[in-house]
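The structure appears right after this line, and notes come after that.
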Amino acid sequence: MTPLIRVRNLRYRYEDGTVALDGVNFDLYPGETVALLGPNGSGKTTFVLHLNGLLHGEGEVTVCGMPVEKPYLDEIRRRVGLLFQDADEQLFMPTVLEDVAFGPLCRGMKPAEAEARARAALKQVGMEGAAHKAPYHLSAGEKRRVALATVLASDPEILVLDEPTTWLDPPSQSELLSLLQALPQAKIVVTHDTIFAEAIATRAVYFERGRIIAEGSVADLRHRFDWGPRILPRSAESR
Amino acid sequence: MHHLVVDEWTRRPGWLQRLDPRAKLIVLLAFLVCVGTFRKLTVAAVLALGGLVAAGVILGKLPARGVAARALLVAPFAGPLAVASALSGQTGQAISLLMRALLSAAAVVVIVGATPMPRLLRGMEWLGAPRFFVLIVQFLYRYLFLLSEQAQHMRLAALSRGIGSRHAGIRRVLWRAAGGAIGVLFVRSHARAAAIHRAMLARGFRGSLVPLEELRMRLADWVFLLAGITLSAAIRLGVRSGS
Amino acid sequence: MHIPDGLLSPAIWAGAYAVSAAAIGIAARQAQRSAQESHLPLLGVMGAFVFAAQMVNFPLGFGTSGHLVGSVLLAVTLGPPAAMVVMTAVLLVQALVFQDGGLLALGANVFNMAVAGLLAGYLPWALWGRSRLRWIALAAGGFLSVAVSGALAMAELALSGVRIAPVLAWAAAGLFAINGAIEGLLTVAIVRALAVLQTRTAEASATARRVTAALGIAALSLATGAVAMASQSPDALDSLVERTGIAGRVRAWVATPLAEYRLAWAPDSWWGQALAGLAGLALIYPLAVALARAFRKRRSA
């Protein structure tokens, strides 16, 4: 089976010379949900930005058979739906409907068609009533769902989610989980929330200092790296 | 926040809200030009113009007190000038000045209070404002609240750290802190703008923003447009202005 | 400083609109040309930033407070064309949503603050921004941006026939001076903070700098001239029409109700008044410089 995403030996350096990615190899197969775990600054978000060409490093990145390079970027960006950590950066239009229709409109769809597509996407995430609201009127959870709709409107094959549960209260987290589980696309989820990761991911990789140093199930990696919510022991004096 | 209050008005179920933004903008301009070309307002003119404003308030189901309060925001500027004029013996001119400022401001409040900003901007674009500029205003308005909130948070944080106390030595720190705070706000704004651009690219942005909605004039819009222009012109030409 | 509607005469607000529209049109085209695609969100967000920054109030003692205007800051970091467009966007939103300035008066307000004031404020930086005098230049620029916008606003009002009593004029001048000083000091503080945060200021080509410098000088001269002219007569616009028919002749002017704020020692000619205006600015400029120096010394102490 050919992978949807194939990354070989990806390297990336920031302007000031720091190495952000130091030879990453990665595959994503249809139907999978892969969790990217690891400490802050280990390169998870930087890695993910290479998958739709927002960053360009050395090495090989192939998405749906196309190299992530100039002539293919348009199509790749349609197929890879990237959900950023900060929903306010993603909802930049005056109303929800315009935000969700943005992708289709940019790709040349007629306004009427784009609007229909947008409404369908909003329905998928349960936010069809918010079509004419302005983004700042939405709660964090609602913004997250609308952001997801903006990505779904272009009918992607792969969803990449960067810290999707940040700022969400437990009920919103569960809602998001059900929503994501119902979507057929292959998914990559960058997250610190190991409980969420365990619920949604079929497999996980562990990033450290720009490289993937381990692979396995979320439970495996949690064990190996002691990677989960820490509960500090009470000190003997505090009685 | 101020602009959120007005924003709420634009969602009320008034007749004015449903009109085409182009018609509203043209009528507003006609009104402002009418007021702006009077040398001196007469009582009749003030009443007629005030009547138009009141009609707008009613048609838009706008809160009268809210509109009046916002119109009065021009008072600190026009007030002293009017007073100075009155003191130099020109009471008629003084009152005229004040009324012109108040009526103009009230008209703007009514129209802006009955038209959501994105539609207002579409109207302006149709009337000739360059798209590049209109889009900048659109982005500005979208992030206005967010960034103002950020600034407020910084202010609260600074206050809770003791800035603003009467201790003289603090004054110097205050300036540096303010400069630093605004500097940080600047850098974060820049970073946010870069992130927004990335998000736009990720969704297929190719350099131009396509509008979703087509503006269309219906009968009600034409009626409003013609009525607004004719009434403004009638008041300007019909009521004899003072010398 | 934001003039509301209903105060300016049609000639002034219409004329100002014509000039502003042309100026901002050119600036927008310039900004677009030299810009990357990312300019759209950047300029919009920086406009929102200006609003946010203007909310930060500085207690000055005596229960008053001042705040940043930001045109010089923007000009130095985004380049004058982009800065002019952003400030115009800010002024538009201020007029529409906050009733800070009128819609018919927008042309005049844009001219005063986003065009002339901005260019005059950028002038010192254009000339000395790369030398040792950069911080003084920046402080002076901040001051000039406020002084020039204020002077032009007063002139436009006077030329529209609004009677500005001497006490009001002096009070306004005092306010402009204080706010100008704040602008200068704040702009310096912020740009220094930005240097620490490693933000680069906009680099302009030599020709671009010469052009903006020339425009800055033009703005400065205009402000001086406008103040001088407006201080002569409340119905100056009508008499102006007469006078241009007698171009080149220097005449003694008839005493007017505003005669009180002509400087006693200035000769009764147009040139004399212009000189008086310039002298005023020349007096305040070194004061701003001295303040900037004093501020720097105290900070590094």
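For reference, chains read A, B and C in written order, and residue numbers begin at 1 within each chain.
Heads up, the rule we're going with is that contacts are C-beta pairs under 8 Å (C-beta built on N, C-alpha and C of every residue); 3 or more make two chains touch, one makes a residue touch a chain.
Treat the numbers as computed from the prediction; the structure is a model and nothing was measured.
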item: Chain whose mean Cα position lies farthest from chain B; value: A
item: Central chain of the complex, centres being mean CA coordinates; value: B
item: Euclidean distance of C-alpha centroids - chain B vs chain C, Å; value: 22
item: Distance from chain C to chain A - Cα centre to Cα centre, in angstrom; value: 47
item: Distance from chain B to chain A - Cα centre to Cα centre, in angstrom; value: 39
item: Residue list for chain C, restricted to those that touch at least two other chains; value: 41
item: Chain A, residues touching no fewer than two other chains; value: 92
item: Multi-partner residues of chain B (at least 2 other chains); value: 117, 138-139, 141-142, 146, 192, 196, 200, 205, 209
item: Contact footprint of chain B on chain A as seen in their complex; value: 49, 52, 54, 74, 77-78, 82, 84, 86, 88-90, 92-95, 97-98, 101-103, 105-107, 111, 114-115, 134-136, 150-151, 154
item: Residue numbers on chain B that touch chain A, as the complex places them; value: 7, 116-118, 138-139, 141-142, 145-146, 192, 195-196, 198-206, 209-214
item: Chain C-facing residues of chain B, complex; value: 2-3, 6, 28-29, 32-33, 35-37, 70-71, 73-74, 77-78, 80-81, 84-85, 87-88, 90, 93, 97, 99-105, 108-109, 112, 117, 120, 130, 132-133, 135-144, 146-148, 150-152, 154-155, 164, 171-172, 174-176, 178-187, 189-190, 192-194, 196-197, 200, 205, 207, 209
item: Residues of chain C defined as touching chain B within the complex; value: 2-8, 10, 13, 24-25, 28, 32, 37-38, 40-49, 51-53, 55-56, 58-59, 61, 68, 73, 77, 85-86, 88-90, 92-93, 95-100, 102-104, 157, 162-165, 167-168, 185-186, 188-190, 192-194, 196-197, 199, 257, 295, 298-299
